[in-house]
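Presented sequentially are two complexes of subunit A, the first with subunit B as partner and the second with subunit C.
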Partner chain A sequence: MSDSSAPATSGSAAHDPTGAPGAALTTADGVPLKQSLNRAIRRSRIKALLLVAPLLVFIGLAFVMPIFDMLSRSVDNPEVSTYLPRTSEVLVDWDGEGLPEEAAYAALAQDLAAGLKARNLGRVASRLNYEKSGMRSLFMKSARRAGRMEAPYKAALIKADEDWEDPDIWRLIKRESSPLTASYYLAAVDRQFSPTGEIVEKPEYLQIHVSLFIRTFWMSAAITGLCLLLAYPVAWLLATLPASRGNLLMILVLLPFWTSLLVRTTTWIAILQQQGVLNDMLVGVGILAEEARIQMIYNKTGTIIAMTHILLPFMILPLYSVMKTIPPSYMHAARSLGAGPITAFRRVYFPQTLPGIGAGSILVFILSIGYYITPALVGGQSGRFITNFIAYHMQTSLNWGLAAAIGSILLVVVILFYLVYNRLIGVDKVKLG
Partner chain B sequence: MVTTAEPDAPQETSSCFAIFNDVQKSYDGETLVVKGFNLEVQRGEFVTLLGPSGSGKTTCLMMMAGFETPTHGDILLDGTPINDLPPHKRGIGMVFQNYALFPHMSVAENLAFPLEVRGMSKEEISTKVANALDMVRLGEFGDRRPGQLSGGQQQRVALARALVFEPELVLMDEPLGALDKNLREEMQFEIKRIHQRLGVTMLYVTHDQTEALTMSDRIAVFNDGIVQQLATPEALYEAPENAFVAYFIGENNRLNGQVSQLDAQGEHCTVTLDSGEQVRALKVAVNEVGERTQLSLRPERVRLLSAEEPGAAGTQSPPDNVFSAEVLEVIYLGDHLRTRVAVCGSDEFIIKTPNAEGYPPLRPGQTLQVGWDACDCRALDA
Partner chain C sequence: MSVINQFTASFTTSRPGMPLRSLLAVAVAAAGMSAGAAQAETLNIVSWGGAYTDSQNKAYHEPWEEKSGDTVVNIDKSSNALSGLRAQVQAGNVTWDLVDMLPSDALIACSEGLIEPLDPDTLFAAAPDGTPASEDFIENSLSECFVPQIVYSNIVAFNTEMFPEDKQPDSIDDVFNLEEFPGKRALQKKPINNMEWALVADGVAPEDVYEMLDSEEGIERAFAKLDTIKDSVIWWEEGAQPPQLLADKEVAFASAYNGRIFDAEVNEKQPFSIVWDAQVFELDGWVVPTGKLDKVKDYLMFATDTQRLADQAKYISYGPARTSSAALVSTHADTGIDMKPHMPTYGPNFETAIPKDDEFWADNLDELSQRFNAWLAR
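On to the complex of A and B.
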């Protein structure tokens, strides 16, 4: 689209120099030139739009909408207000001091009885159970008796379970009765609301996400660094070899793309496991004792090795495309001007490859912090990424709000990295091939 | 092949500065790109390697710079062999075809680069950079990036960068190839001016004969991996020693024939052309009767004689060779006319005449007498 609008702007710029302020140029039959030009290029604009329309629709449905859905789920909090409607309404006026009035207890008893009948009480019970364990059983137990309760409901409910005498429970219900909540984000960074509504750290034995985020970032950084170290010489060779041999090497670089990700990952298991090929060889030549086989998989080492291998082409290709554009005469010039090979590389060649290093690194890093399958297969306990916990919350704990919050944090971090990269190197300089 | 210096080249007291001694180069072990290259460049001389692409001239330059290793032979600089010296220790300035200005550095940083790697002080560097920029009249442009300069300005920066560290020898690899005609002529003059001012030795590679003739003290004409002739521009044009040089330098009429008679003491011979005519010519590269030969004749040395009266167009005595010709085509070129005629069995015979008084207009279809002196017609190898 921007391409097709370019002639329009250049067209308007073109008649600026002719001066005559106010008197726009016209075509031979008196139509203003701009209008005439717009009409002329409208056709090609529509054509361009139609060409990209299928992809735009697809991206909108399959990418943009799910992202917004995820973002809204991470703060969405409909359960209490929907399934305990009377209670939420009464609690709006409660000041949170002491216990609420009889009206609140009456509303709760009604809501519990109605919820049990409509079979949707479980949802609000699970939702509140995320915030405070024991809530689910409290709700289910009380609900079963709520149908037979009579006024005064306060006494009746407290009789059913003395937890109803605990103001913290009521404060929790009041807090979560608002339609938006920050508690998923707090949980994602190992924080929670204290009973009095302040943000505090979770008990240490429940803290898990922050250390996972940190591990994900440093391991992704390590993978990116390793990829860069391995890819730089290969890319240089690719860019300098004569075309025939260069093409062969390029096929070898691309070969992993033609193999299933699962095959590549499981091959590493076969190679690296304790009874695997590498350990067998090391034991066979006597470097390792039989009982001293190294644990190289199902830990951080396994994740780093397998992911470096899988992501390496994403580093080689941007580097190669940048190096390809650097003529050998730059290095020749540097040498002829008196620079030794190392100085010439450091001051002339290397700075010119920075856009490639930036592009490759940001690509590998972003792919890496979002990687799921490989850490899940070879990471064991210690080599898992935060993405594996997103999957856990999606599939096992069914806490989609928390999964969405962790996912949103990852998305924000990736956008931040992108912005920093754009500031430092400039996205317009990225070359991917 | 003549590879020694011409007798009229300037070589009084100055010693040979750069020497190629029987240098050979092969890339694949099967064919020689350079087959026995000998060249002695005097201090302060401007020598051009001229030849068609693929003739090995750039390879020779790269061997001097140190980016290629000779397969055989020695390269000497100021009396010392430099075969094993890495490029950065040779102290040779070089200007590349695409300029090779570092795009991530400003113009001033580009110029400072050779000085910085030599460990000069900051003040010294900034003085030298400013002087070099002034020399190429780009004093204002130090802060610009090379990409912001025009082709001619980039070329001048490249020249300044190759000179700023005061090398004694500067190599140039088709430095003007990417410029348009006017700019090229301007830069030829500029390079020549700097050469004369600094007295630096220059080895220049080009495939453009006009460039070579304009700038050089001596020219080595390259073809097929060997030097065909090494001589001053005048000698190359006036007295080419073989058919390739005659063909490559300037325009040239070619007539093929067989030597029918050799003057024992004299310097002339008689050649019977394939079409039967007998032509008197200068014997340059023929040694015996019966040998095949190619006659080379510059178009401007052919004289037009009126049909009736030989010698009417000029005032000299009648030329040694006179033939009748038919005008096929006349091309008007402003300052001169190119007339294509059919003569001696050739349809491609060109005559150049000045657009001036005394040269009657010619029309296609007209027949006339043309003639040339034996000393202008060189019998070369076939």
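On to the complex of A and C.
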């Protein structure tokens, strides 16, 4: 970034004087100076661009494209229109009242038979089964008979399965035959379309995502707060100790930072589990009775403890880098002017560390709402994050559209936090060490 | 002079000549090797890992490697086989050659065109007495794209040392009876099996379970029954966990695949026992990813024949899926114990067995999983 902007600013600085009327300066070979300068600037810009080109291409391929692909999956809805082409065309003209005409049944019978033969009917059956249980077998069963059906198809299909007499099923097919859908986003916030097309809440026993979003946010906030509490004194110590001891302390901060995430997480399991080190110690010294061992892991407590530890360096380092730049003379001056230690800290020292607090907090918060492996290992049932459900929908329920919708919502929230932060503190003030 | 001439002559001619000849030799050797390689291939076979993959290694892979020169690479990904297949087919880069899968997943994969249709009588060997494969496999076990290897069972097992000798659990009701049989229960973290067992423990006859589950009343009844033990349940996700939890006495009961419990009982001498009451049995078998049929044809013919299926039952207590194999099932390969009483299909074990209803779960798994997860989070 700075490579390409440096010539640009020097260029505009050089540009101003030549802009004066009548001062048509030329270079040695007779080209006007302005033109020659512009050419030189353009050349250096192209060079700079070429230098960063591999990185840009890499970011585009490995970062921007996958994100775009994920975002598009959350609304992409090709199944019905692709695999039931005739039906979706006929249904365009259907008003959604009562049952559709014979033409729609005939088109469906044709589509079912063709889909079974081409072995892609399962894709549309899976898609519609997300919206309504039982659609898969309705499609597969009817398709097996569709090849032998004869007109009138309406009667034949209803004979094959009486669900074809249900207008709601036809409305569902019509709704999902549009190439874009909001269903995944609705499902991500525990809503759904009612048969008549209104957005309604899902039944309570199916609601899960909203409470997980809320849990993810408040636990991330708690982890950020704990990190700040623990990191602030450590960072202060690091910044004020003489270099030799400060470096030793810094190594103690960085050593766990360099240790594998899995090792640190499993270490917490060994320490916190019911038959673990901490419970053994408490029982050993008689603070706890043998049968009163505390459940400290596989719940919220476990997630908060392990994640606070893992994310602590991300708070310490920005705080340290800011505190390092605050001259100790400020505090001395405040004290000599009569401020007590608390006032001096509150009015002189603390405000100067705000950029560090902001940088560390935003970093820890954003990292923790996207955290996945630690909650999965130590979170049990109650300490899981929404990210664990993204993984669940990717790997187990295979509802990739829903996973993409949840992921997109998280992405939007992170961007919002970033914008708010930028407004309040300014991203240019972020220092990461 | 002539000596020098001869020398230089031989030098100039043989110098380029020798490498050319050796190059040719190398090329010929390489051609020979690649011709050999066209026959000796590397097969990427996806399965469940642990004791189950071990039994396949001994019964199928090792004999086949010896016979054909192929190399078999085991990939322990069957628990995510369907999503793996979808991802590989979508990306247009299928690296799996043969996948061990449940029939319910195979139904879905087949209808989405992810796997090859398999014609039993041309692809699988006939029984030794000449019965064609289509009639030799257990009735209704073959489907369009799926060939079964085994019948396995989901059961609840317990550690016999956790209960007094005169009061050992023997029915599914006992699993839900915290008063008489205290201790934690390890159950698999999905609605399948747990909902069936909850209903049976609540008094529903095994044969009526799916009819009951197909109604709102049945679902509520199952969750209400599960509620009674919810606080004592540890949820597991990998097949290797339940034997470990039982061995560590972390839990008193654990739902598991019967073969894993057998493996721990026999090979590790663990004091485990199985509650066969209300076992939920199903098949497990092979599917071929689209485009891979030619590559695995020969292996598949070999690995699904009567003897091979019977051989697998020497290593793990899963019933062979061919009728003709059943007669050949004898004793455990290492310990020599009789395998028959450990099979899910053994008479006394089979009395209250529930056949897993693949169609019910294909339709309802999406919604019931969501409901199950919401129930867990409450």
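Criterion: the second predicted complex is superposed on the first by the 393 of 433 C-alpha atoms of A that agree within 3 Å, B and C clash if a C-alpha of one lies under 4 Å from a C-alpha of the other, contacts with A are read in each partner's own complex, and residues count from 1 in each chain.
Please note the rule applied: contacts are C-beta pairs under 8 Å (C-beta built on N, C-alpha and C of every residue); 3 or more make two chains touch, one makes a residue touch a chain.
No experiment lies behind these values; they were computed from the predicted model shown.
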Contacts of A:M140 with subunit B and subunit C, given as first, second, both or neither: second
Broader residue contact with subunit A after superposition on the shared chain, subunit B or subunit C: C
Partner chain in contact with A:T396 - subunit B first, subunit C second, else both or neither: second
Which superposed partner A:A151 touches (first subunit B, second subunit C, both, neither): neither
Touching partner for A:R123 - first (subunit B), second (subunit C), both, neither: second
First (subunit B), second (subunit C), both or neither touched by A:I208: second
Partner chain in contact with A:A40 - subunit B first, subunit C second, else both or neither: neither
Footprint of subunit A on subunit C - complex, ascending: 80, 82-83, 86, 107-113, 117, 235, 359, 362-364, 366-371, 373-377
Subunit B partner contacts - residues on subunit A that touch it in the complex: 327, 329-330, 332-341, 343-344, 347-348, 351-352
Complex contact set, residues of subunit B against subunit A: 65-67, 86-88, 90-94, 96-98, 100-104, 113-114, 117-118, 161-162, 165, 171
Contact set on subunit A toward subunit C in their complex: 118-123, 125-126, 129-130, 133-137, 140, 205-208, 211-212, 381-382, 384, 389, 392, 394-399
